[in-house]
Amino acid sequence: LEFAEFQIDWDRERRTGLPEAALCQGKTPAQIGGIVAAARAKGRRLLLTRLCVAAHAALADEVRDTLDYDPLSATAVFGGEIPVAESGIGIVAAGTSDLTVAREAARTLAFMGHQADIIADVGVAGLWRLTSRLEQLRGFRVLIAVAGMEGALFSVLAGLVEAPVVAVPTSVGYGVAKGGRVALLSALASCAPGVVVVNIDNGFGAAAAAIKMLRVTRV
Amino acid sequence: LEFAEFQIDWDRERRTGLPEAALCQGKTPAQIGGIVAAARAKGRRLLLTRLCVAAHAALADEVRDTLDYDPLSATAVFGGEIPVAESGIGIVAAGTSDLTVAREAARTLAFMGHQADIIADVGVAGLWRLTSRLEQLRGFRVLIAVAGMEGALFSVLAGLVEAPVVAVPTSVGYGVAKGGRVALLSALASCAPGVVVVNIDNGFGAAAAAIKMLRVTRV
Amino acid sequence: LEFAEFQIDWDRERRTGLPEAALCQGKTPAQIGGIVAAARAKGRRLLLTRLCVAAHAALADEVRDTLDYDPLSATAVFGGEIPVAESGIGIVAAGTSDLTVAREAARTLAFMGHQADIIADVGVAGLWRLTSRLEQLRGFRVLIAVAGMEGALFSVLAGLVEAPVVAVPTSVGYGVAKGGRVALLSALASCAPGVVVVNIDNGFGAAAAAIKMLRVTRV
Amino acid sequence: LEFAEFQIDWDRERRTGLPEAALCQGKTPAQIGGIVAAARAKGRRLLLTRLCVAAHAALADEVRDTLDYDPLSATAVFGGEIPVAESGIGIVAAGTSDLTVAREAARTLAFMGHQADIIADVGVAGLWRLTSRLEQLRGFRVLIAVAGMEGALFSVLAGLVEAPVVAVPTSVGYGVAKGGRVALLSALASCAPGVVVVNIDNGFGAAAAAIKMLRVTRV
Amino acid sequence: LEFAEFQIDWDRERRTGLPEAALCQGKTPAQIGGIVAAARAKGRRLLLTRLCVAAHAALADEVRDTLDYDPLSATAVFGGEIPVAESGIGIVAAGTSDLTVAREAARTLAFMGHQADIIADVGVAGLWRLTSRLEQLRGFRVLIAVAGMEGALFSVLAGLVEAPVVAVPTSVGYGVAKGGRVALLSALASCAPGVVVVNIDNGFGAAAAAIKMLRVTRV
Amino acid sequence: LEFAEFQIDWDRERRTGLPEAALCQGKTPAQIGGIVAAARAKGRRLLLTRLCVAAHAALADEVRDTLDYDPLSATAVFGGEIPVAESGIGIVAAGTSDLTVAREAARTLAFMGHQADIIADVGVAGLWRLTSRLEQLRGFRVLIAVAGMEGALFSVLAGLVEAPVVAVPTSVGYGVAKGGRVALLSALASCAPGVVVVNIDNGFGAAAAAIKMLRVTRV
Amino acid sequence: LEFAEFQIDWDRERRTGLPEAALCQGKTPAQIGGIVAAARAKGRRLLLTRLCVAAHAALADEVRDTLDYDPLSATAVFGGEIPVAESGIGIVAAGTSDLTVAREAARTLAFMGHQADIIADVGVAGLWRLTSRLEQLRGFRVLIAVAGMEGALFSVLAGLVEAPVVAVPTSVGYGVAKGGRVALLSALASCAPGVVVVNIDNGFGAAAAAIKMLRVTRV
Amino acid sequence: LEFAEFQIDWDRERRTGLPEAALCQGKTPAQIGGIVAAARAKGRRLLLTRLCVAAHAALADEVRDTLDYDPLSATAVFGGEIPVAESGIGIVAAGTSDLTVAREAARTLAFMGHQADIIADVGVAGLWRLTSRLEQLRGFRVLIAVAGMEGALFSVLAGLVEAPVVAVPTSVGYGVAKGGRVALLSALASCAPGVVVVNIDNGFGAAAAAIKMLRVTRV
């Protein structure tokens, strides 16, 4: 069984403005090592996502040593940092437990050169935490909202600001909320127009969408 | 096939404080007529719920003429009104479409002697509609919250008031929200403690629970 | 039972850049008439969505006569047209059956002053229909993609263009695809980064999001 | 990435009568430690829920030593006990396996100053276990019913007593009952009016609701 | 397209003790007519189930005239009655709305020569309706229990009697209970051992199973 | 709103060996008429599927008159018949109610020039109906199996023959089987290797797959 | 928190003919130990189910030593064996993996004094394994059928024999069959009348039902 | 409890052209050992599937030593290799993570004497990876397509080639895509006719179907 296990879409950035990233969940250490080697050979930087602590530890030493790893967000960067600039993207997280996903978004943005603020622990059960920061929130050009459980944050936030709101439901919760289904459905059924949604726990995708939105320049 | 089709639980009010009501959905006109006749024979008042316009029209004339019917809430009362008194129960409805369910709750409360206010169209996409009435909302001893779509109202409201919040998800919505599932799950997964939930569109059950709560007197 | 059935969020446009629209599904003719009357009294234009042919016919004559109604998209406009300008928003529909939703998006955009092109019947089973128009597709600043069945269009399109792609799954399909669930899940699970999703059949929401994106100007 | 990871809603008790509690599931040991430190700095007591044995063991020693931990209910209290008084709240558990959730409710009540009795192992398959205690059950002002599997207890109990019944479905069960879905649906679909429901395994929420109900004093 | 549309399993009674019946839902009037004609040609009696009022009316006159039709249970018998004998099978129905299914069971039993009693409207919300008839219930050799909504009847009944309990969940209910899913799951997850379950609304199948059980004679 | 509503994939037959067909469900009469007109203009034959009796009746007369319509399978053919030849494809239907789907497959095959036999009413509850025809069944080169309810036919048949078995689950059934989900899952979970599955009620797709299989010639 | 953790329903056998058994899943070692102690104190035998190998190992030595444990079925018996007699109950298992559940049924029967044969590995993909044993199968008075995956065994078997068939779906399978859902649905939707169903993996319940059926003696 | 735990269907190859394979998931090491011993006694080769690394390690040494094991695909072969010949079957995998399933298919084909190429990492987000190999893809007589996440590959591929496409959805993905459900539904709802589907992760079944298709020789 001889064949090329992967053919990285190096051309993606040219076509879509977003470079390919490596989703590590479900890949063997050898496969991840191979992808990193391909990036090195090509002289490209590479973002690795969903690389959990155990998977990171299982990598070959020579692979792991080349990575800048952040365990909370389970992301790693190959190829070093680039300078970041303030982007106008704000990341709002409902609870402390949502920070892993919020950080995946922030790390993705930083990989692409965008600095983004995280505003954490502003769940709607204590509405003042949100309304007291309204000025700040209205200053962002794009908002990424990260919430699990019932995801009421998405609708409340979108009713208060002009910026597009990218909702990232998280798998934080138990009982009916286990796995993030309720937050996802809440975001999709939002009574506030203009909320757009990505997959559960997909901080990477939200960051990608936010970057695309920054480029929609009105001529 | 000879047998008694129904044996009404006339004793229920003594045991639980709530009289039996007749859920008309799924019953034939003859069966509904028989239940009303039993109430008349027993000298009891009776509440009929989920009696849609077509089912009401299909009743025998002598049955229909004895009923006080409200088409919007699909409820009917046999046996006349009783005086109502202000109860301290407030009914909050997220949208105009939720009024059918809100009225089922109000009609049930009135049947039991409780006057309740309805505060309509206060969905969280326009948060001011809710916050501008905070004083009024905080004055209620029990709140029934009625909402479809993503049901964010439940969490926001419960984070603002001291009264118990009985959430009634409604089947208002389309796409993922069709049938009321998202509002139901949102209520159950609420990040605001103390929200309790009844079945989708169950304004009757919410009113019954609210009445029970009024009776929880601290000695 | 005396209370105000609706309190329109006239302030929404100032806060979020998007005026409130009236979702007619689940509302009685009298309720819709009341909302239109409120708009007239306030001197505001109003968009009505999900007003099916039967509901439109059931409106009072004096209400219906003031509306510009489009049966295919089930939308109506009160208050007349405003001039539209080319917006840079493209609407791509996978099949002929998806046009009802595509038109809801187009009508919403027109109500807000944006002219948008519809590119219809470009399902991926005949990939040439999409690839032969790549130039045109790459010219848009925001793309709304409308597809039912398995929704493969979302991923293929997003892999080819730089613009953000707002996916609108539609309820077109049968068997497992009935109700739009598969297209929705496909959009959320897309392997192409940067796809964002709205509720099934929610052409209105996609248009609202697209308008928000147009306003994300990089200073 | 510098930002405040949590901003505790210390004001919640004043607004809603219930202090914020820390849901530990999904939080890192460092995050939990930070929350406890914030409580200490503020001079507040704090309830921690869903702190499983492994998570408790992973806490820093100086955090763990300040906590009163109960492994069966996975709850911990920071800040010491307060005197408890008999509250009139009864907790009824269908099976031995439901005791973890019943104890979460009891611990929450105790944290708030309420003593509550647990009546365990009264599943309806042996109806006498319930009916033989009817007198005792009718003496409570609020009942918390805890059951997994098919949750028939909720309906049977609510048909026998005047007090409000807060149903807590539990994840006890296998096959179709796995995860608590059947007990949840049973509670929501109960034929006995006045049953209200909280999320699966949410003993904390049931206690919070019960406390709110105790405060509904008829003047 | 020439072929035999049906080949009735006339041999089934010999093999399994139960004759084939014709499920009419989803069949055209011509197909139903053909099956009846085949029975006539073969000189066999035939039971038709799920023949709703409209489908019965759409049959050719010469077919319809040969049938003994019962609209409430949507069953018809071709070939006339046979003498029935007391069977020891009891049918217990939770609510009036469950009678359509209970009667399908009773009609099936009668078709096979078994007389069965129906005990109606004994939902557990009024437990006395069940417990006051305990003597009668314990006299049956097989019990068919018919219930919708949350189906608590199944567990309560099975905990009280020695006979096997065949649970028939019904599609009676709304919200989460719509379509009978909750009653079905409740029956399957019952905490009372020895409950066996058939498909939703399958009164025919329950009767078939009960007849099989009568034949399990201990030698 | 000016644009081409459809662009038929006339090239599909060259690429894939299968011409495009028009799925009529969800299309307006005007849209169907336009597609037929396009076929006429192009001089092509066209198959229309899921054209129910009401939709067929709603077509413009000049469109309807050009179609060869079969109401049972809800299919229509534009452009006349072509000669058919025996194909070696057998269609096996579990019940009489499954014939609508079986005929959709047969009509699709005939449109493509393939004559196929239908073997009807061979559900496994009467196994002899299947085993007595084993010789005939083993003579086919490809088998299309059509079944609703629990779909046991798929596994039994695939365990007896050498030909590939294309399973078409149908929406025939009630209760848990409503909509065809159980038959679909049964086909996918089959313990007999080599069963392949298409969407519920998708007789057209099964025929298309069968034709593709006929072309897999071993050189 | 002082209360009795369990009150065993020792009276159950008198009422229902079946003694209470202890479902060990979800119980702590201390709770299981307490239940065994209660049985010893009462002088009763006791069956323990779903006692997995790890839970058995975690029991206190003095508890574990009193139990007759069978790891494959995860059952244990306290109080010693009783003589068993041939019962006429046959247990048919579709695959080798279904034997854990089949043995739970056999162990339950043995605990109650009934000897039962297991006929293993007779899945319908090799139909001859079933048909070659038809004589033997027809000799049983009650059949327990145990199958996972698509559960076609239930329908095929029930179409061949006169005895009642108790279907036990198992969680054997992967993909759509994971957890036993497909086998469960197949059993419920069976086209063969007279199949009755218990919960997934519930060999205990099937044995309980079979014993009840043996007692249905026709006088 | 004495009985034969398995009776292998050695006759299957004669009937269906495919030998029985042993699905190891859910079997004990002793059971797997017994099956291998039966094959040795019978002088047959045997394929074992879903034998994960831990299960392989748990086998008795004398069993394990006779197996040719491949950890990535979790397959083992007993009885040695046979010569393979080029088959005309191509296996296309969307991502690197799908290779475990693709290899299960390839190993199954090799066991049966068929050499198959794997074309890996051709997800549609980088469409060029697919279109640049169109010539190669069109050269295959049967295509097995392996994809997780949203499974758009199935539709795109089937629209480009003449060969039958056997879709194997994989459990690769997270959030809504977890477990493979979205890829499965996408394959079933595909807008490209002629796609046939097997269970999630069922590379074995896809290979079995492909082999059956190779035998459909047009005479």
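Note that the chains are named A, B, C, D, E, F, G and H in the order they appear, and that numbering of residues resets to 1 at the start of each chain.
The rule we apply is simple: a residue touches a chain if its C-beta (ideal position, glycine included) is under 8 Å from a C-beta of that chain, and two chains touch if they have at least 3 such contacts.
Not measured: the values here are computed from a predicted model.
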{"item": "Contact-richer chain pair (by C-beta pairs counted) among E-F and A-C", "value": "A-C"}
{"item": "Pair in A-C, B-C or F-H that repeats G-H, with over half of contact pairs matching by residue number", "value": "B-C"}
{"item": "Where chain B and chain D are represented by their mean Cα positions, the distance between them in whole Å", "value": "27"}
{"item": "Mean-CA-position distance for chain E and chain B (Å)", "value": "34"}
{"item": "Euclidean distance of C-alpha centroids - chain D vs chain F, Å", "value": "55"}
{"item": "Inter-chain centre distance, chain B versus chain F - centres from mean C-alpha coordinates, in Å", "value": "48"}
{"item": "Chain G, residues touching no fewer than two other chains", "value": "12, 125-126, 158-160, 175-177, 184, 188-189, 192-193, 199-200"}
{"item": "List of chain B residues in touch with chain E within their complex", "value": "1, 3-9, 11-12, 20, 23, 25-28, 31, 35, 50, 169, 171, 179-180, 184, 199-202"}
{"item": "Residue numbers on chain C that touch chain A, as the complex places them", "value": "12, 15-18, 21, 88, 141-142, 158-164, 166, 184, 188-189, 192-200, 204-205, 208-209, 211-218"}
{"item": "Contact footprint of chain H on chain G as seen in their complex", "value": "72, 96-97, 99, 103, 106, 117-122, 125-126, 128-129, 148, 172, 174-178"}
{"item": "Touching residues (chain side chain F, partner chain G) in the complex", "value": "94-95, 123-127, 131, 149-152, 154-156, 158-160, 173, 175-177, 181-183, 185-193"}
